[in-house]
Amino acid sequence: MALEFERPILELEARIQELERTASEQGLDFSEEIELLKAKLDRLQREIFGNLTAWQRVQLARAPGRPTTLDVIEALFEEFAELRGDRAFADDAAIVGGVARFHGEEVVVVGHQKGRNTRENIARNFGMPHPEGYRKAMRLMDLADKTGRPFIAFVDTPGAYPGVSAEERGQAWVIARSIQRMSRLKVPAVVVILGEGGSGGALAIGVGNRVLIMENAWYSVISPESCAAILWRDAKEAERAAEALKLTARDLLRLGVVDRVVPGPKGGAHRNPEAACRELDRALVETLEDLKGLSPEAIWEDRYRRFRRLGVFEEV
Amino acid sequence: MALEFERPILELEARIQELERTASEQGLDFSEEIELLKAKLDRLQREIFGNLTAWQRVQLARAPGRPTTLDVIEALFEEFAELRGDRAFADDAAIVGGVARFHGEEVVVVGHQKGRNTRENIARNFGMPHPEGYRKAMRLMDLADKTGRPFIAFVDTPGAYPGVSAEERGQAWVIARSIQRMSRLKVPAVVVILGEGGSGGALAIGVGNRVLIMENAWYSVISPESCAAILWRDAKEAERAAEALKLTARDLLRLGVVDRVVPGPKGGAHRNPEAACRELDRALVETLEDLKGLSPEAIWEDRYRRFRRLGVFEEV
Amino acid sequence: MALDRLFRRRRTRGQAREVPELWVRCAACEAQVYRKDLEQALWVCPECGYHHRISAERWVALLADEGSFEPTTGRVRPADPLGFVDTEPYPERLRRYQEKTGRPDAIHGGRATVGGVPTVLLVMDYAFAGGSMGSVVGEEITRGAELAAEENRALVIVAASGGARMQEGALSLMQMAKTTMALDRLFAKRLPYVSILTDPTTGGVTASFATLADVIFAEPGALVGFAGPRVIKQTIRQDLPEGFQRAEFLQKHGLIDAVVDRRQLKEQLVQTLSLLYPGEGHGA
Amino acid sequence: MALDRLFRRRRTRGQAREVPELWVRCAACEAQVYRKDLEQALWVCPECGYHHRISAERWVALLADEGSFEPTTGRVRPADPLGFVDTEPYPERLRRYQEKTGRPDAIHGGRATVGGVPTVLLVMDYAFAGGSMGSVVGEEITRGAELAAEENRALVIVAASGGARMQEGALSLMQMAKTTMALDRLFAKRLPYVSILTDPTTGGVTASFATLADVIFAEPGALVGFAGPRVIKQTIRQDLPEGFQRAEFLQKHGLIDAVVDRRQLKEQLVQTLSLLYPGEGHGA
């Protein structure tokens, strides 16, 4: 399951481990060699992860083992009661949510949910919601407003499901309404782009007062593959498209699309989800703290202004 | 298509017509006989329609030719723009609605819609809505609140559709939500029971500040047939059930379930829909006039109090 | 699912037949179960998992913290506004149910704490006229919601009902609107409302307060819907799909939050209430 | 339906091929139509009813009361925030579209009256980069809604779009939120918003302002959806149902209020606006 570009690192790690085992089994002293290899590993890691291409980051964002919404909820929240269903048509497993306790404070939480393996991924439709998923999200937004609790959304989807069933039930309509509903929240809304932020299906729960992004997550108007298929008529040009789309955390920060990048552990969040969660925990606490004490009207106005200024153009 | 109990009247009418035709064709003077017959007709009408049983009224409420929601809209409103769909799943033809102009004032209107013949009735599911119909109604309630226009609802349904599809999509849930949504309207809401007011499927759009009922319409917790099937284990006892349920306009007025009975023309609204509509027009104008000038909060409170006091019990 | 097969064989009444003394026969799988075991399992059959119907008092004992319950229902008594007579006069019927259940109508409840959360806990009693909602049930639900709003309590309702009470005609229907509207007094104060749907809950109760909760739980296998299965069968003239209108079906169709085994219900309710209840200072 | 068969044969561009001078060939049925007849019929083919795509200027002429239109768009011009290069640099592309259409980006509109109702009328131009929404379209829609709110005007938007503009990356995506939020300024003043969906409207435009109108009309046969048909076909690996995502399909699925023939559109729009517009004294 290793990504192409992390192979050299994993091989070196394996060699170090082997050497350590041999040393301990045979009672030999390889400490000098091991030190050398570790230094080399460190250099290699810095070299590779210090110069990740956009496309490599896209792959990291999709890497199995990277914390999903439920992983993050479990790691960060003291308690979580999952609420299910849209009260109208179905329960969409591609979106999860409920009420939770975060550092002693009750919050309402929602997020796209990918599977952690193939079986789960099929059940969760690879994190691609149908309209009922967004209706569930809207129901949770209602609950946040009703209870006056902060709303936290975790974004991690390749996109809303592009299928016949979803179109029949008004996929575009429900995404529009979810954007609208979220923009009307009278409570602080914090969004975290966890892994993939695929287009409108991501934005539907992305209208936060603050939008954080995990290192190596991406957020874009279109996936690199689809963009390549359209512009270069070849999905294999995805690498070029990923570069051109400026979809990485730093690019988005520069464009004002996100407000803060949550630093990730060396080697990627999929290799050390705990460390990634610890950093996210800190960032979330600080962000919620920032938004405290604002009146419902001020919260609403703050969100309006945040999005109002997005866009780059010239004026004659 | 005549109802059993109106046969004698129709026969007498036919005889008078025949006599009049003969007189005019053959140049004879039957005026005395005709006068006599007309007097008899008048007596007969008063006798039959002055002593209608509950069950006869139920039949009148269902009689073809009785004005439906669209008939009433056409007769009473200067303009009507129909709005369709629940923006989520389907357009339910069993509920119609839109924006309209009533005596120069814009209103939002909704109502159950039965067919005027078998083909129409199949298309409109005999006026029995699915969940999407109630979602359409709720969408129109949203529009009434948004535009600040009075909301007028015409009730005419045997009940919400009791089928697998409706249950799968949460029939009970959507009726509950429609009741809730309507009770929260910040604009005057006037309900008119046009023909049949069948149970929860009727009440879903029946939460008005004022509830009017047309003469010979019925409104009940259960249809006489179903009630008979349960209590007497025989749907043929519907006549007894109709009596017992106290579902006629006068009974409901006495119980406080409705606020005003709109008088109907001699012989029933299905024989003279124009006259029935004229009476309704007057009643609607007066009722809306009554509710004018109340603040949104007063409107809401008025509706709350209206329903809060309904119920008969003893207190120890 | 094994449960589904069992429901079909289940006896209509739903209550375990009490064989004298020590043994009880499960209403679903017909296994002979040691009475104490069944009681300990909160009347969930240890053999097949069938949830037997339990009395309103047992529901209170199951959900309220020990010693915290203080009844508020019972002072409102049914009348006969329609002078309703079917095979017997309505007042006669009422008297029989009152004797059988020891309460004036199909509801029992009051103040309680649930996991320490101040609550108004209301339980519908299916043994009383099939848990049907007339003026009294409507009034008690309404007062319960108002009491909760007034005293900053959460609201928990255990629903079980065949629907509206026919013998009170349109007045029963009006209780759907009345109870629904009363919930807004609660919601205006940000107080939570949890609904627990038990077997069966249909008609006017499902189409009003019971499905308007912030969180909806249902017991495994509970039949919940608007129209009853018999009516639907008559309408569509074909057999109903397997598991139709059962709790598991409802969850699949997004209508409830969770199917909860009775043995985990209190725990899950406490967690939910503690996460939703505004706590000191918030509620006012 | 006859229309359905025709759409399949329709040429991709959707614009009638202009045979020199007097005759025009219908893009759907390929009939030779007398140019003046077609113009008179508002570019609806008199033979088959196919609605040819018309320019933004023609839309304005069709909907605005004569002489009432006063443009407000055109001062906002696109930039190249990403330095985007695909087969050519983004600024090059823009220049070509600007030359072709004579406007800075894919939107045209301004103040107008429609049946006497003061309106802000905005038309998306499919000829400009497939009507894609980048920063300029987003900003113009936003300003249009704000202008309407400020001057108590109704808002009418004629949508036509392949989706968001890829070349501006996530900034294009953000226009969906920006435009959606701007509508609330309008709604807060009880001003109406009518959306007219034309062929095709997909992606980010459909999933934001275009479907949030009080009233939604669509032209006969217009393809409207979130994902494009090609993407969906790739996903489900089977042919799409007949008429899928067409206006008539949308109406059946409850997503729009009416499919309106272009020749009746102005009349229906005027009626709708006159019923929804608050009029003097209400709007403030």
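A, B, C and D are the chain letters, set down in written order, and residue numbers restart from 1 in every chain.
By definition in this document, a contact is a pair of C-beta atoms (placed from the backbone, for glycine too) under 8 Å apart; a residue touches a chain by one contact, two chains touch by 3 or more.
Because the structure is a prediction, the values reported are computed rather than measured.
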Exercise for the section: Could you tell me which pair, A-C or A-D, is linked by more C-beta pairs in contact? Expected result: A-D
Practice task
Could you tell me which chain lies farthest from chain B when each chain's centre is the average position of its Cα atoms?
Solution key: A
Exercise for the section: Go ahead and note the Å separation of the Cα centroids belonging to chain A and chain D. Expected result: 33
Fill in the blank from the handout: Taking each chain's centre as the mean of its CA atoms, chain C sits from chain D at a distance in Å of 52
Practice task
Find the geometric centre of each of chain A and chain C from their Cα atoms only, then give the gap between the two centres in Å, rounded to an integer.
Solution key: 41
Problem - Junction residues of chain B, two or more chains touched - result: 87-89, 135, 169-170, 173, 177
Fill in the blank from the handout: Shared-interface residues of chain D (touching two or more other chains) are 211, 253-255
Handout entry: Pairwise touch network: line, ring, star, complete, or other
Key = other
Exercise for the section: Using the contact rule from the top, write out all pairs of chains that touch. Expected result: A-B, A-C, A-D, B-C, B-D
Handout entry: Complex interface listing, chain B residues touching chain D
Key = 79, 81-92, 99-101, 106, 132, 135-136, 143, 146-148
Fill in the blank from the handout: Counting only contacts in the complex, chain D reaches chain A at residues 74-79, 81-82, 84-87, 134-136, 138-139, 142, 164-166, 168-178, 180-184, 202-204, 206-212, 224-227, 231-232, 235-236, 240-241, 244-245, 253-255
Problem - Touching residues on chain B, where the partner in the complex is chain A - result: 87-89, 131, 135, 169-170, 173-174, 177
Handout entry: Touching residues on chain D, where the partner in the complex is chain B
Key = 187, 190, 192, 211, 214-215, 251-258, 268, 271-272, 274-276, 278, 282
Practice task
Would you pull the chain A residues touching chain D in the complex into a rising list?
Solution key: 160-164, 166-173, 175-177, 179-180, 183-184, 199-200, 203-204, 206-207, 219-222, 226-227, 230-232, 244-247, 251-252, 255, 257, 303-304, 307-308, 310-316
